[in-house]
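Report on the following structure.
Each chain gets a letter, A, B and C, in the order it is written, and its residues are counted from 1.
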Amino acid sequence: MSVSAAGAARLRLPPLLAFLLRRLLRLALLLVCVAALAFALARAAPVDPVEAFLGPAAAQVGPEQRAAIAARWGFDQPAPVQFLHWLGQALRGDLGESSIFAAPVAQVIGERFAASLALMLPAWILGGALGFGLGLAAGAREGGWLDRVIRLYAYLLTALPGFWLAMLLLIVFAVWLGWAPVCCAVPPGLLPDQVSLGQRLAHLVLPVAALSVLGVGPVALHTRAKVAEAMRADFVLYAFAQGAGRAEVALRHAARHAALPALTILFAGMGELFGGSVVAEQVFAWPGLGRAAIEAGLRADVPLLLGIALATALFVGCGNLIADLLAQAVDPRQRRRA
Amino acid sequence: MNARAKIKARVNARGRLLLTGLTAALLLGGALLAGHGMDAALLRPRFGLAALPPGPGYPFGTDALGRDLLARSLRGLETSLLVGLLAATASTLIALLLAGLAMLGRAADAIVGLAVETCIGLPHLVLMILVAFALGGGVGAVVAAVALTHWPVLTRILRAEFQAVLTADYVIHARRFGHGPWFILRRHLLPHALPQLAVGFVLMLPHAILHEAALTFVGFGIAPARPSIGGLLAEALGSLSAGWWWLGVLPGALLLAAVLCLDGIASGLRAWLSPRVAEA
Amino acid sequence: MLEVARLSIGFRRPLGLWRREIVPALRDISLQVQAGEMLAVIGASGAGKSLLAQAILGLLPAHAVLSGALRYRGAPLDPAALRGRRIALVPQSIAWLDPLVRTGRQVEWAAGRAGLPAAARRPAATAALARFGLGAAAARRFPHQLSGGMARRAMLAMATLGQAELLIADEPTNGLDPENAARVLNHLRTLADAGRGVLVISHDLAAVLPLADRVAILRDGALQETAPAAAFRGNGAALASPYARALWRALPEIGFLPAEGG
């Protein structure tokens, strides 16, 4: 720590910027490692790459043609060479072609990620807001009935299978009550431009609700802990001494102290969010990146699988980076100004 | 305080946790035995009894092929528990091994640290899909996939523990006396590691089971002879719109109950191992 | 104005596996604060002085056990109704201010809590801060950017926003150099002279004595005596309890003075 601080001092960089650069470098290194791991795993699969590449046409192709394909795509090269070749292509933006979707991997990932984002972003915000509110209510009166109920709820959330909760919501709201459509992002059978915004939103409600509920737990518990800690502080006692009520104290003082930690948890939980999205997409037949990952794994679409591994690692890495930056922002501020 | 109040106060937090753990263990064991003891005929397709809702004789109802859902669910639970147990054991051992390796030197520590970060850098499901794909997608692949996703966190914890122990005075003195690394490992590191390992294992188990369910739900590791809860729920997904809600709700509820029992056992175990903690 | 009658405070603590005991902190304290006077409660750290303040304000922790009576203007004291409005606290350190909120904002909040209508809060806050020598620049700062003296004055400002008749100053000289300490105590004296009752809780007898009207000495949670400030002179013969006398004589200024009468 001190070495790089000295290095940063030599370069005259503010400490936060130096920290950011260090973490970005580490993220880059991490992505290379993830790529290597994913590549190694994909290579280890008992799947003949030529067969996978050809798909159903494999039966009609003779051995000389197979050898030609192998040479063309470099399947006959040793693994490290293949890896470097693939990595080089990836850095140039060429992740290969997906055998399932018959389109460039980068394009597939872009489209599917956008669809997943339509699900994840609202759920992230809603889950975060709900979690913060519940945590605030719980921590404001530690040990009260609301506190116990919320803790029980958060505890149950960690114990139940996420996809089962999604299925429950589907059963209750779509099948029994008929308030929401049963599947997919758009009504089946319609062309994309025939679908109205209202219909899109209607299809969005249930998956977003499911994903939000799943994301509430960690934020609620962490907020609760921070709020309870703040409520024990001297400045809260002073507020009470001035005649403030519990609600005012919780909203004006405790919430402030819990806000940044809650945001940090939200960013650090982006990996879990994506995991939840994978199963939610499966339950609601949502054409997102999660489902694409599943299909790529089940149908041996190696380029797509590798591309998704990289993309999701980048996603999680950025989330963790922002979380670390936020965590840094709280600590040094007090020390630097004091 | 009269005698009754004294005894009641005596069965304090620790006692209650132990009791909970014991009850949970009994419930879980009972469920598994019941599943095992059930008539195998219930698991075979009986087309005349297809898609019956829960009712007399069929507590969980039947599925599209007339198979008793309770029997299938209990068998599925058994599978899930088994897979979870294997995976958690493997994970714990991997974590112990890697944490130990990390103590060999700074380079080793850096490499282990990088490995940990790499595995944490991917979302759990993506990593599991990769591993399951790499191993051919069968049940064994699922075990391996779940096993290879849970070791990072425990490794970090153990690494920190080991570092704390190794920098402690008495270990430095032991080294100075000339005791070799093996001795130190056995006498100093392991006693410290064992409670952490036990707790880590017990905490990992519910997560492992839930992840296994998720993985089989999305389609990996399906083996027709061994139903698993995830697989059951995946099958149910198609028939939900037909109104066959019990196919989706009940197996999942069973899994939830099992996970809660495991959590109960975990708390009971911790209360038993460290009485002070429970009383605090 | 304020009457404390035989107040005892203890804390419940678990004993063994199933019993509980009560650890006494304050025993049988009786004192009074009149309007226009400054009563100083002096005791060493750990003598339970702050507990007195907390009891009056209704801020004791949940496991505290209170016996005795607290009366305000003859009626039983209702802390929740009076604090911030009739009874105000001046706390002992910057830690009692919220580190994430600017000082001026916190003074405005205090104005609201003291019962001022929304439109009057900011002007009242600015005026109160100005009364204690703090300007707009200080109001914009965060608490950790204020010096100890400035923070204490800000908290004094917060205490005088409403119609507080009773001020409780908890360790007002804590962490301050003698000059700032004297400033704070002078402010308190002025407030007392204006008709308020001021209860000063402190361990620093020497600083408080010149300005207080009466002094109560606490030792290990029990009241040794309550004497007028004038009694603290000479060799302390006017003081009833040996502890008070010893405390008086132990002060450096007194030790160097020749005792009267040889």
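Here is the rule we use: a residue touches a chain if its C-beta (ideal position, glycine included) is under 8 Å from a C-beta of that chain, and two chains touch if they have at least 3 such contacts.
Bear in mind the structure is a predicted one, so any value in this text is a computation, not a measurement.
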Farthest-lying chain, centroid of Cα atoms versus that of chain C: B
Pair of chains ranked first by number of touching C-beta pairs: A-B
Most central chain, Cα average position: A
Whole-Å separation of chain centres (CA-atom averages), chain A against chain C: 53
Chain centre separation (chain B, chain C; CA means) in Å: 57
Distance between chain centroids, defined by C-alpha means - chain A, chain B (Å): 23
Chain A residues within the chain C interface of the complex: 233-235, 237-244, 248, 252-253, 256-257, 334, 337-338
Chain A-facing residues of chain B, complex: 114, 117-126, 129-137, 206, 210, 213-214, 217-220, 229-230, 233, 236-237, 240-241, 243, 245, 248-249, 252-253, 255-256, 259-260, 263
Of chain C, residues touching chain A in the complex: 57, 59, 83-85, 88-89, 91, 93, 95-101, 109-110, 113-115, 142, 144-145, 158
Chain B-touching residues of chain A, taken from the complex the two chains share: 29-31, 33-34, 37-38, 41-42, 44-46, 156, 159-164, 167-168, 170-171, 174-176, 182-183, 271-272, 274-275, 278-279, 282-283, 290, 293-294, 296-298, 300, 305, 308-309, 312-313, 316-317, 320
